[in-house]
Structures are given as structure tokens and as C-alpha cells.
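Some structures to go through are shown next.
After this come two complexes, each holding chain A, first together with chain B and then together with chain C.
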Partner chain A sequence: MRVTRISDFVLTMLSRFQQVDRRIIYVLVWILIGFPIVAPHVGIRLPVLPMYPTRAARSFFEAVESVPNDKVILVACDFDPGTLGENGPQCRSVIEHIMRAGKKFIIMGLDQVGPTIAQAYAEELAKKYGYKYGVDYCNFGWITGGQMFLERMCRDLHAAVKQDKAGTPLSEIPMMKNVRSAKDIGLVVEFTGSGLLPLYIATFNAQFGVKLAQGCTGIIGPEQFPYLDTGQLSGLLVGLKGAAEYEEMLNVVGGGKRAMLPQSAGHLLIIVLVALGNIGMWAARKVERR
Partner chain B sequence: MCVDARIVEIITYFVAAACTLGIYTILYRENRLFRLFEHIFIGVAAGYGLAITITEVLDPRWFKPMITENATIISTCESVRGWEGVSIDRHVKRVGRASIRWETDKEKMIRYTTPPPNWTDARYVKLWVHSEKQTDGSVTMRVGTKHKAGKPTAWFEKSFKIDFVGWRQLTLYLKDFWSKGELDRREVKGVYVVEFVADDALAESGVVLHIDELRYCIGRKWYWIFALVGGMLYYTIFMPRFAWMSRFIIGIFMGLQAGYTFKAFVLTFYPQIAKSLRPIYVPGNISMTLNNIIFIITLLCVLVYFFFTIEHKRPTIRTTARLGRLLLMITFGLIFGNTIMARFSLFIKRLDFLITQFPWLK
Partner chain C sequence: MFQPVENTILNIALMILSVLVSVVFLAVLHNVPPNLRMRVIMVITFIAGLYYPLEFFIPDGTALTPFRNRYLTPFLNPIGDAVAVMAAFTVGIGITNLCIVHARNISQRREGWGNSVVFFISMIIMFVVTLANRYAPNLFCTATAENMMTPVQAAFSVMFEGVYTALNATVFSLLAFFITSAAYRAFRIRTAEAALLMVGALIVMLGQVPVGMWLTHWIPDESIFRFLRFEVLSEWLLANINMPAQRGILFGVWVGALAMALRIWLSLERGGYFGRQF
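Here is the complex of A and B:
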């Protein structure tokens, strides 16, 4: 009799896991994610989690490395502050890799804010690697026109883009002297949180044979893998983890690797909560049967 | 007034932190503070979008080409860099601080070797010329262009008379330039030199010429005003009497987009359909064989699940469709997991900002 009462009490308690106030979950998330970020600032040393770059990330890295020096890399920043948390560290680490490899690059974006964010990364890293605007990199800014514009750009870049973001005519930008069309572009790297990849595939890749690599948000990540499988994408970085993998290959500690501890803590919490929720459901059913 | 950068940094931090925390108050419950910051964010985004549309698209690509000559400077004529056979004169000038001085009796030909190469869409050349006396002679302007591979360099020439005294702005239309040989102007790849050649009469007169601000122009694209008319047609949808007019512009763009979408669909998805036909057995590669088998089973099962015209009653169909649904569930689980990862990433970024950018912690 007593054993039954105890087991009923335990089951009733367990069944309450189904009714946990969402605000308690939010507080736990704040604490678990906040602690690894605060800890280094208050003298607590936490380990940096090891990273193992995936095949998709390694392919991205190799695609950047394999661009011939007489060709440029087009960095398409089709993201805004809404996905900065994921696309930002990806974009920054890829720009750092391009600079380290000594290749020239062009920033542009089908989004209004993306090119401005990438410009800030480029200016910051340019001091470290001695890059000069106009000579080693330039920024076309926000581009309108979607697929129609990209197709025209592939055929005649100078006819499609008359000036850079600052209003300087392309003819006055030294590095653009020998960049006339898609055949002078060795790789297009796109960072986005939306489904703009088909525009680049239909133009740069399918019609002009330019290699493509993408850094995308976690949400759209699973949709992009078929492109990698068919060879339409030469590399793929998914979410903040993708940025951390790239930083691992570059041997730097940036926004991606630093975020892996709080990210993992958050994931552990979700796993525990899902498990507790299921136990709660099982217990509630047991109580109902009795 | 100069504000200390540190103070600006502190104010910026606290405004951004207040916005972030204001938005996160929704986690507790729906409240007015959240709605206030939500409206601020929407307003800022709309305002920013409008401003950047005007400054980066409408103004440089529509308004300016419509009202200005779209000039590109060939040479400012303020230094001898790139010029041959001339000197600089800081006293006789029309634009800027100096002009190019050309003594025609000493140098019959002067040249500029570093012009911008891309003269695409250029319609005419404009330059200021100063003559100290009226003559019967003339100057020939020669534009040297690099032709496409396999053909010789092409020259385009146009003469103008020096029958005036003082400064005069000359406009030379490129359609009036004649070329040596049978060359098509549309095939021209790039300009690499601009020359001015004095004829014998001018050289004998010993006149000194000054040239200032040499540029080529595309001209005013006045016809861009029709883009405004076309754009305004969209708004007729709000006036029932004229709403039919909006169908023109909507129809044009729908047709255009449909063509591009069809092309993009074929170019994007055809390789994926082709890649779906895989060999079940890859000799010497067990992992690839296994991978292909899993892929083909998944593909077939999911396709069967979406055949709603066949009733899922027969055991073969029912089992296959159920397996297809199970595999779809696994995929949705994967997408859900990625979504959680993405949401945490965005939260980490904000929390990282709140903590690491705190002014007294940096």
C-alpha cells in the first residue's frame, strides 16, 4: 500500500515535467548560455571544445585555396543583422582566409545591409594583412535586379556595374582593370539566410561554369546539401558550427569557436528537457491508467 | 562641438542594450515595452530601407543618369603625368588649378597615354580649348583603341578648327569620328591613348593652345523618365477607375519573371534529377554502394508516400508509404534540430554583445 503511494507520488511529480512554465526554461537558457560567455571575464577558465571540420567545410576551404591568383573571388553577402549571429562569423573567417591566401576579392550583396557588414570585416582585417581598397578588394554594395542583373554581370561586369559602393567608377579601380566578366571570377562565395542560391547556380555555375560555395544559416542548411551532392556547390558552411569549423582550419579563435561552448550547453539543455518531457508524458499516462 | 568617442560608445551600448532587453521582455509576457521596441525596429528598418534605396539605387542609377551628362574625366589636365609633349600652365586655366600648355610650333603632336579604357556607352567628348589668336589651322583628336584579338589597333579621328580667341568648350560626337580601315566601333575593347595633332597651318602660325578638363560623356538619359511612368502604373490599382492600367505593368513583369524562373528551374534542378539516377552497386566502394542504396530507397519511398491518387491499401504500397513517412519525419527532426541551433546562435550573438561589449568590462 505504502509502495503504491510512493510510486504514485513519484509519477505525479514526474508528470509535472509536461507543465514546466516556459519562463523557467528561458531562465535556464539564459544561465546556461550566459555563463560560458561571462566566465572568461571573471577569471574562470573554461575549455575550448575541439572541432572536427566536416567534408563540406573542408571542400569550402579547398575551393578558396584553389582559386588561381589571376582571378578574383566574389563575396556575395546576402544577409542582414537578423542572421548576423551565423552568417557574420562565417563571412569574417572566409574573408580572413582569402586575405591570408593573398587573393583579390569583390564584395557585393543582393541584400541592403550585407555588403556594409562585410566591408567592416574587410577593413578590420585589411590592417592585419596589408590589403588596400581598390587594389586588393572592392565593394559594389547593394545590387538590385536579381537573376537578370547576375546574368548581365556574368556577360559584361563593367556594363552591369558602373561604380562601386562609394561611387567610384569601376574604370578607376585598379583591380577591376582585368576583371571583365564571369571568366575572370574564380569562385563565388555566398552568405545568406534565405533561398537565393538558385539565382547564383542558374547564372554563375550553370551557364558560365564558375565554382560556388555557400555559408548558410542552420535552418536552411538541410536544403542545401543536395546542391553539394550534385557538385553545384563546391563547399558548404552550415550555421555557427560551420564558422567554427572554418576557424579550426584557419587555426584562429573567432566568433564561431568561442560560441561553441554556450551553443553546446544550450543543446544539452534541450536534450535534457526533451527527455524530461517524454518521461513526464509517460508518467502522466501511467497516472491516468490508475 | 566635439563629443568624446568614449561617451558616444557608452551611449551607443546602452541604447542597443535597452533595445535588445526590451525585445526580450516578450519572454516574460506580451507587454507595452516590447511593442514599443518592436515598432522602433520596424520603423528603423523601413526608414533605412527607403534611405538606402534612394542613395544607392534611385539616385545613382536613375536620377543622376537622367539629369546629368554622365561624364567621366579622361584627364583633369592639372599635371603632366601621362602626357607627352606638353607643360603645365597655372595662370591660364578654365577648371581647377592648371591647364595643359601646348606649343604647336615645337610639338606637332601631343598625347595622353593613361585614359580610362572603358568608353562603353560614351556618346561625345567634351574639352576646354584656349587659343591666343585666331588661325586657319585645325587640330585632329585621335583616339587609339585596342581591338579584339586578331585585329590591328584601331584609330578614330575627328578634326576641329582653331578659329577663335580665348576659351571655348568643344563637344565632339563620337559618331562623327571616322575610323581608319573597316572597323566597327561596337567591337572596340578599350581606349589606351588619346592624341592631338596640329595640321601644318596651325604649326606654322605658332599658336599656343591650352587644354583643360578632357572628358567623355554618355549624355542625359532623359528617357529614364518613362520608368517613373511605368512604376506609377502600379499605383493605379488603388483607383478603381484606372485599375485596369496596372495590369500592363504587372503583366510585363510577370511574363519576364516567368521566363527567368523557368530557365532557372531547368538550370538548377535538372542536374539534381540527373544525379538521382545512381548505380546501386559501385565496384570496390562499399560505402558509396551503401549510400546509393539508402538514397534510392529513401527517394522511392517518399515518392510513393506522395502518390495520393493511389489508395494506400495494398500492403506493398502501405508499407512503402509508411517507410517514406518515417524517413520524412527523420528529415523534419534534422531540420528542427538545425532550427534550434540557428535560434541559439542568434541568441548567443545578442548575449555576447550584452556581456563582452559592456563598457567597463572591455
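Here is the complex of A and C:
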């Protein structure tokens, strides 16, 4: 009798787990994600977790490495501050790799803010690698016109883009003298949180045979895998983990690796909460049956 | 073909003429009987859409190489420009629509009309500051040092980076809270399928973070049980289970899009914005 009472009490207590107040969940998210971010700044040392680059990330890395030195890399920054947390570290680490490999690159974006963010990364890294604007890299800024524009750009870059972000005519930018069309672009790397990849596939890749690699947010990651399998994508970085994998291959610590602990904590919290919710549901059913 | 006009006066005259022709054409179109209007729109839609099938789909004996030069290829760039100009008009339509909706909110003192006032103030300030930053950054004074900003540049920096960028990132950051709460509430194992989904989700979630890798990193790389590592299992699930499903979905989506494009091009689409007169 007593045992039944105790088990009833335990089951009743457990059943409460299926109705945890959302404010408690919000506070837990805030603490678990916030603590690993703040801790290093107040002198608390946190463990370093292992990171193994996936095949898709390694292919991305190799695609950048294999660009011939007489060709440029087009860095398409189709993201805004909403996905900056994921696309930002990806973009930064890839720009660092491009600079380390000594390749020239062009920044552009089908989103207004992306090219401005990438410009900030490039300016910061340019000091470290001795890159000069106009000679080693340039920025076309925000581009309108979607697929029609990309197609025109592939055909005749100077006819499609007259000036860079600052208003300097392309003819006055030294590195652009030998970059006339898609023939002179060795790789397009796109960073985005939305489904803009088909625009690049239909133009740069399908018509002009330019290699493509993408850094996307975790949420659209699964949608991009078919393009990887067909070879239309030469590499793929998915979410913050993709950025961390790239940093691992570059042997640097950036926004991706630093965010791995908070993200791990967030994922663990979700797993624990889902488990508790199911235990709660199971316990509630048991109580009902009795 | 279609080289840019270098003469400024001629350029402006042509621009005014094209706007006038467009206005007259639209006015005429609005005043003709609905049946005739529909037929005119159908013909224009068909001609506008005809270019791409003729250029890309119909073989003319020459190879469809990237830098080809077929009969219609010279029109590719001018048509691209025209599409870009039309796309720019949609921004204007969006702004006009927003202004009409919010002006109505204010004039009729609808619930939350204060938000509409905030909308107008924000839009006007951002518009003025962006234009000033672009065309007159030294409006009040010039910067005395290299890294110094003028008041106009500082105002733009505060508005764009300090307010817009931060607000945009904040709104998306809230997703972390909502997703956690929603996953907790929705992910209940009631059926065998739900259990399967849960196991898959668990593996992929753990495979996406280093803590998952850490949990199984004791399995040696050379071991035959390496496939039990979370990152390996996760990659396998994404590449072998997720990918065929995604490919099937994509195939369906694009076949549907092609059918939809054909229906719009041939004016077969009915209902919504297509069948009725507004």
C-alpha cells in the first residue's frame, strides 16, 4: 500500500514535467547560452571540445585551395544581420582562407547588408595579410536584378557592373582589368540564410561551368545536400558548425569555434527538455490509468 | 545593340518620353473594355515570355555554349536591364503601399496608430540620413582625422549599424527561445513514427555540436564501430536519408514551378489575381 502511494507520488511529480512554464524554459536558455559566451570574458576557463570537419567542409576548403592564381573568387554575401550569427563566422573564415592562399576576390551580395559586413571582415583581415583594396580585392556592394543580373555578369562583367560600392568605376580598379566575365572567376562562394542558391546554379554553374560552394544557415542546410551530391556544389558549410569546422582546418579560433560551447549547451537543453516532456507524458498516462 | 546614350539632354528627354508613353498606355488600358484589356495583357505576357524559350529551348543548329551568339542573344542584356528596372519599381510599389496602409491607420485612429507614426518618423529619418551620407557626407563639417566621422556619417552609422542591424539580429535571436519552447511542447512520442523521428533528430542534433562528438570520440578512427560516432551517424543520415527525400521534394517543386510558369505565360491561370478585374 505504502509502495503504491510512493510510486503514485513520484508519477504525479514526474507528470508535472510535461507542463514546464515557458518562462522557466526562456530563463534556462538565457543562462545556458549566455554563460559560455560571458565566461571567457570574466576569466572562467571552459573546456575545449573536439571538432571534426565533415566531408562537405573539407571539399569547400579544397575548392578554395584549387582556384588558379590567375582567377578571382566571387564572395556573394546574401545575408543580413538576422543570420549574421551563422553566416558571419563562415564568411570571415573563408575570406581569411582566401587571403592566406593569396587569391584575389570580389565581394558582392543580393542582400543590402551582406557586402557591408563582408567589407568590415576584409578590412580587418587585410591588415594581417597585407591586402590592398582595388589590387587584391574589391566590393561591388548590393546588386539588384537577381538571376538576370547574374547571367549578364557572367557574360560581360564590366557591362553589368559599372562601379564598385564606393562609386569608383571598374575600369579604374587595377584587379578588374583582367576580370571580364565568368571565364575569369574560379569559384563562387555564397553565404546565405535563404534559398538563393538556384540563381547561382542556373547561371554561374550550369551555363558557365564555374564552381560553386555555399555557407548556409543550419535551418536550410538539409535542403542543400542534393546539390552537393550532384556536384553542383563543390563544398558546403552548414550553420555555426560549418564555420567552426572551417576554423579548425584553418587552425584559427573565431566566432564559429567560440560559439560551439553555447550551441552545445542549447542543443543539450533541448534534448533534456524533450526527454523530460516525454517522461512527464508517460507518467501522466500511468496516473490516469490508475 | 542598345548602346547607352551618352548625350545627357537626349537621355533625359528619352526618359521623360518613356514615362509619358507608359502613363498614356496605362491610361488607355484602364479605359478600354475589360475583355479587350485582358486580351492586350495576354498578348504582352505571351510576347514577354516568348524570348526565353526561343533563346534557350529551341535548337537552331548552333551549340548552346555560354558565350554563344544566336539570333536573339544580343537582346539578352537589354532584356536583363529592363527586368532589373521593373524589379526596382516593385520597391516603389512596396513603399507606396506601406505609406497608404499606415496613413489610413493614423487618419482613422485605428488601434496601434502610434506604431504607424513611428513607422513614418523612422522611414523619413533613415531616408534623409542615408541620402545625406551618400551624397553630402560633409554637410555640416568635414572630418579632421582619417578615422573620424562627420556628423552625417556618425548619424548613418548609429541608424544603420546601431539600430537597424541590432534590431534585425535581436528579432532573429528570439528564435532560440521559441524553438526550444516549441520543441519541448511538440516533440512527444505518441507513435512509432514519432519515436523514429525523435531518434533521427537526436542523432543529428548531437552530431551538429562538439559535445556530441565528445560523447563518442573514444571510438577509435580505425575501429569497425566508427560508424557509431554521432558525427558519422549524423552525416550518414543527412547524406543518405535526408538527401533523397529532399531531392524528391525539390523535383516536385520545380516541376510544379514549370507548370505554374506555363500557366501564367499562356494566361491559363484563373482565380486570385488572374481571373478577376480589380
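Quick notes
FYI, the second predicted complex is superposed on the first by the 290 of 290 C-alpha atoms of A that agree within 3 Å, B and C clash if a C-alpha of one lies under 4 Å from a C-alpha of the other, contacts with A are read in each partner's own complex, and residues count from 1 in each chain.
Simple rule for what comes next: contacts are C-beta pairs under 8 Å (C-beta built on N, C-alpha and C of every residue); 3 or more make two chains touch, one makes a residue touch a chain.
Remember, predicted model here, so these are calculated numbers, not experimental data.
Clashing of chain B with chain C is the outcome of superposition onto chain A.
Of the two partner chains placed by superposition, only chain B is touched by A:Gln232; chain C is not.
With both structures placed on the common chain, the touch criterion links A:Gly266 to chain B and to chain C.
In the superposed model, A:Leu84 makes contact with both chain B and chain C.
By the document's definition of touching, of the two partners only chain C reaches A:Pro50; chain B does not.
Once the two complexes are laid over each other on the shared chain, residue contacts for A:Gly134 go to neither chain B nor chain C.
In the superposition on chain A, A:His41 makes contact with chain B only, while chain C stays out of contact range. In the superposition on chain A, A:Thr144 makes contact with both chain B and chain C.
In the superposed model, A:Gly209 makes contact with chain C only, not with chain B. Contacts of A:Lys177 after superposition on the shared chain: chain B is touched, whereas chain C is not. Touching of chain A by both chain B and chain C, each in its own complex, is seen for residues 26, 29-30, 33, 82-85, 113, 144, 148, 159, 207, 218, 221-222, 226, 229, 238-239, 241, 263, 266-267, 270. For chain C in complex with chain A, the residues that touch the partner chain are 66-67, 76-77, 79-81, 83-84, 87-88, 164-166, 168-169, 171-173, 176-177, 179-181, 183-185, 187-189, 198, 202, 205-206, 208-214, 217, 231, 235, 238-239, 242-243, 246-247, 250. The residues of chain B lying in touch with chain A in their complex are 27-28, 48-49, 52-53, 56-57, 60-61, 72, 116-118, 120-121, 256, 260, 263-264, 267-268, 271-272, 275, 331, 334-335, 338-342, 344-352, 355-356, 361. Per the touch definition, chain A reaches chain B in the complex via residues 23, 26, 29-30, 33-34, 37-38, 41, 82-86, 88, 112-113, 141-142, 144, 147-148, 158-159, 162-163, 165, 167, 169-172, 177, 198-199, 201-202, 206-207, 217-219, 221-222, 226-227, 229-232, 238-241, 255, 258-259, 262-263, 266-267, 270.
Every residue of chain A that touches chain C in the complex is listed here, in rising order: 18, 20, 22, 25-26, 28-30, 33, 49-52, 54-55, 80-85, 113, 144-146, 148-149, 151-152, 154-156, 159-160, 181-183, 207-209, 218, 221-223, 225-226, 229, 238-239, 241, 244, 260-261, 263-271, 273-274, 276-278, 281.
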